[in-house]
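Each of the next two complexes has chain A plus one more chain, namely chain B in the first and chain C in the second.
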Partner chain A sequence: MNVAVLGAGAVGTSVVELAGEYGHDVVAVADSSSAAVDDDGLDAAAILEAKRSGGAVGDAAPEAAFDAAYDVLVEATPTTLGDAEPGFSHVRRALEADRHVVLANKGPVAERYEDVRALEADSAGTVLFEAAVGGAIPVLSTIADLNGQVTAARGVLNGTANFVLSRMAAEGLGYEHVLAEAKDLGVAEADPSFDVEGTDAALKCVILANVLYQETYTLEDAEVEGIADLPGSALELAAEDGRTIRLVGEVSDGRVRVGPRLVPENGTLAVSGTLNIVQLETTHAGRLNISGRGAGGPETASAVLADIGRLPPAGRN
Partner chain B sequence: MSDAGTRSYTVRLELVDEPGELLGALEPIADSGGNLLSIFHERGNVTPRGRIPVEVDLEATEAQFETIVDALRSSGVNVIRAGTERYSEELTVVLVGHLVETDLSDSLQRFRECGGVSVADLSLSAPAGTEAPSSARLRLVASEGRSSKALSAVREVAAEKGLRVVEPLTEGSA
Partner chain C sequence: MNVAVLGAGAVGTSVVELAGEYGHDVVAVADSSSAAVDDDGLDAAAILEAKRSGGAVGDAAPEAAFDAAYDVLVEATPTTLGDAEPGFSHVRRALEADRHVVLANKGPVAERYEDVRALEADSAGTVLFEAAVGGAIPVLSTIADLNGQVTAARGVLNGTANFVLSRMAAEGLGYEHVLAEAKDLGVAEADPSFDVEGTDAALKCVILANVLYQETYTLEDAEVEGIADLPGSALELAAEDGRTIRLVGEVSDGRVRVGPRLVPENGTLAVSGTLNIVQLETTHAGRLNISGRGAGGPETASAVLADIGRLPPAGRN
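This part shows the complex of A and B:
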């Protein structure tokens, strides 16, 4: 398929880099300031080099990406809350042009799920968003394969928060100390509030709720509590009792909740480091656990490319 | 267990130190057909709230026992613990915040007051004294079906006092 990539961060550039391996051509790449477009296929190496050296991805205006002969738009711009712009408008433009959309951006499917589904209904294009939940972990495709059998989902869906909690528990270090370390390692961003306040995990749970219940949830419907400033003594007390604390998101009985939870120290949910895990409760298949890398450029790009492989033949005329 | 489903239970009560209190507390046991085995009246041992703990051993069927405990509670007798077998559910939470300054014993008392709930174990950790937030691990035991009520009480008190609650996962998950 011909792929247009919007967003040239870690995920976007990895999609550009790996698309060829999956048999796809990248015909457009755009970030917020410029675009590179070539209907015969762009040279991935040249784009990556331009981006790495701090330059523009191309010499066209970002808008030009929409004029390319693409079959699928990969939306990998940063997640925004509320109106989910500019991601939502990107999705709209592609669907109105009867193209497919694959999202890594959580905003449109967490905050405006109903709008996205309405646009999709009027379009020949299809929307998929595996990469928005759990990075490399095939969560949404598993749910789709289970055909309505999944009754509840829970899991550890933020690697930064999990890294902080597992380091605090393992080393007996304080919150601020571990957070600083996480920033040094590139595990936490300079402003980690999205991760440690639970917002990122909550968005993923909202998306899961939208998929499981076929209703429209937004971040406002989620009960969210983060792990910021959790004292080490809380983890020590949990450990004395054979437990530990993880930032767990739960989607069950129509509710979406994210918060620090006590889990068995050596239990399934107590993954360590930046790993993520998702547990699905099913009607006939019992409980399924899927864990893996929940973030990272190539990891998340692999989910984007898997979605592209699942798309029906091109919607483009 | 003896015949007709009768079994022995231990009930721990708190009584006000006034004449007639003990007799009043024992009446529901006889009235409901329970068989009184022993009474341990700890007169020398006063609870923090100035009451006297009394431990009563009795034999009754499960239905009789339910009636007895309900009757004791409705007559205003504080039932602290009603036979360990009644506490079939357990709930561990960690509370974080200014626990001591927000009156920990009041918090614990309010958890107990929601009925069928008892505080089985408490560990407090305040490594930085009263300046920084402290943490407490709390094990609550509850009679069947009461643990969600206990959790609601914990959430309510915590919200009111500005404490954070690290809850266990919902039932059935691990």
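This part shows the complex of A and C:
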């Protein structure tokens, strides 16, 4: 397929780099200040080199990406809350042009799911968003294949928070110390509040709820508690009882909850470091556990490209 | 789709029971002695009741199933080695009639993979076989979605052997004692050799190798060692070192190997009881771990029905 990529951060550039391996052509790439467009297929290496050297993606205005002969729009701009802009408008524009949309951006499908589905219903295009939940982990495709059988989902969906908790438990270090270390290692952002306050995990759970239930959810419907106030002594007490603490997101009985939870120290949910895990409860197939890398450019791009492979043939005429 | 089910054991009857939930009609069911056929859709409850009471599936000869107006043949007869008959002939017949085939039977895709793919190439039908590897675990669909990215696979793929090893390690009991217990619980067959000698796990690994590599494998290409000769003392020694023993199948570097292996006691591969786990090594997405129920009628039927959902539209005219 012909792919247009919006967003040239870690995920967007990885999609550009790997698309060829999956048999796709990248015909447009845009970040917030410029775009490169070529309906015969862009030179991925040149784009990547331009971004690495801090230069512009291309000579065109960002808008020009929508004029490309693309079959699928990859929306990989940063996640925003509330109106989920500008991601939502990008999705709208592609669907109104009967193109497919694959999202890595969580905003539109967490905050405006009903609007996205309404636009999709009026479009020849299809919307997929595997990359928005659990990075490389095939959560949403597994839920889709199970065709309504999944009744609940639970998991560790934020690698930064999990790294902090793993390190605090393993080394007996305090929250601030480990968070500083995580920033040094590039595991935590300079402003880690999105991760440690549980917002990122909650958005992923809201997306899962939107997929699992008939009702539509937004971040406002989630009960969210982060790990910033968690004392090291809580982890010590847990360890004395053979347990540890993880930031667990849960979607069950129509509720979305995220918070620190006691889990068995060697149990399935106690993944370590930046790993993510999702548990799916099914009516006929028991519990499925899927773990892997929940973030990272190439890992998340793999999920985007898997989605592209699952799309029906091009929607546009 | 219209589904014809061959084999009326635990998997076949579960497919009959659950097909309606997935929006499919069962138009034929056959076991080795009889068949029920109705192009308007069979009454699942009546079929299940007939099987439960030990009666015949229906009034027709088994052959009659092929005359039904089916879109997809579900091959759930017992796995056989060597020429993989009669499963292979069932697959051939459906593909020659341009119908899709979904296998739970491992034989045709482990022992005659090249023949199956050759028949598929000449057919409008498609062959899928998720249920043949790891029961409810979505292994093959994940490999397909990753589009050539998976370089190696490793896992615990036989629940009976895993139950025996888990119990031996946890209770310090001997092999014969635990095996007798497993038979009482229905976890092991009366003749458990297929499971404890590693044949079943090896067939699953051969299927994985056939999917991952260009070359074609059969059971003869696998290096297989079972657990029947494993002394309890080996598990004790492992435990002293924080490890345990699992029957691990591995597909890597063009080789297929199955045998008892030391794994960390609390590590990812040390699933307990009858659980299965598969680890996939990928080029861009790191390692993915998927665990769940590797056997059981409804669990395996879920994989069959997920395959049916992934099929292209009906092949026949």
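Just so we're on the same page, the second predicted complex is superposed on the first by the 316 of 317 C-alpha atoms of A that agree within 3 Å, B and C clash if a C-alpha of one lies under 4 Å from a C-alpha of the other, contacts with A are read in each partner's own complex, and residues count from 1 in each chain.
Following the convention adopted for this analysis, contacts are C-beta pairs under 8 Å (C-beta built on N, C-alpha and C of every residue); 3 or more make two chains touch, one makes a residue touch a chain.
What you see is a predicted model; the values in this text were computed from it and never measured.
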| item | value |
| --- | --- |
| Contacts of A:80 with chain B and chain C, given as first, second, both or neither | neither |
| Touch count on chain A, higher of chain B and chain C | C |
| Touching partner for A:245 - first (chain B), second (chain C), both, neither | first |
| Chain B versus chain C as contact partner of A:237, first or second or both or neither | first |
| First, second, both or neither for A:262, with chain B first and chain C second | first |
| Partner chain(s) touched by A:216 [first = chain B, second = chain C, both, neither] | neither |
| First, second, both or neither for A:310, with chain B first and chain C second | second |
| Which of chain B and chain C A:126 touches, first, second, both or neither | neither |
| Which of chain B and chain C A:22 touches, first, second, both or neither | second |
| Shared contact residues on chain A - chain B and chain C | 268 |
| Residues of chain B touching chain A in the complex | 92-94, 96, 123, 125-127, 132-137, 139, 164, 166-170, 173-174 |
| In the complex, chain C residues that touch chain A | 14, 18, 21-22, 135-138, 141-142, 145-149, 266, 268, 282, 284-293, 296, 298-299, 301-303, 305-306, 309-310 |
| Chain A residues touching chain B - in the complex, by the definition given at the top | 154, 225, 229-234, 236-238, 240-241, 243, 245, 248, 250, 252, 259-264, 267-269, 279 |
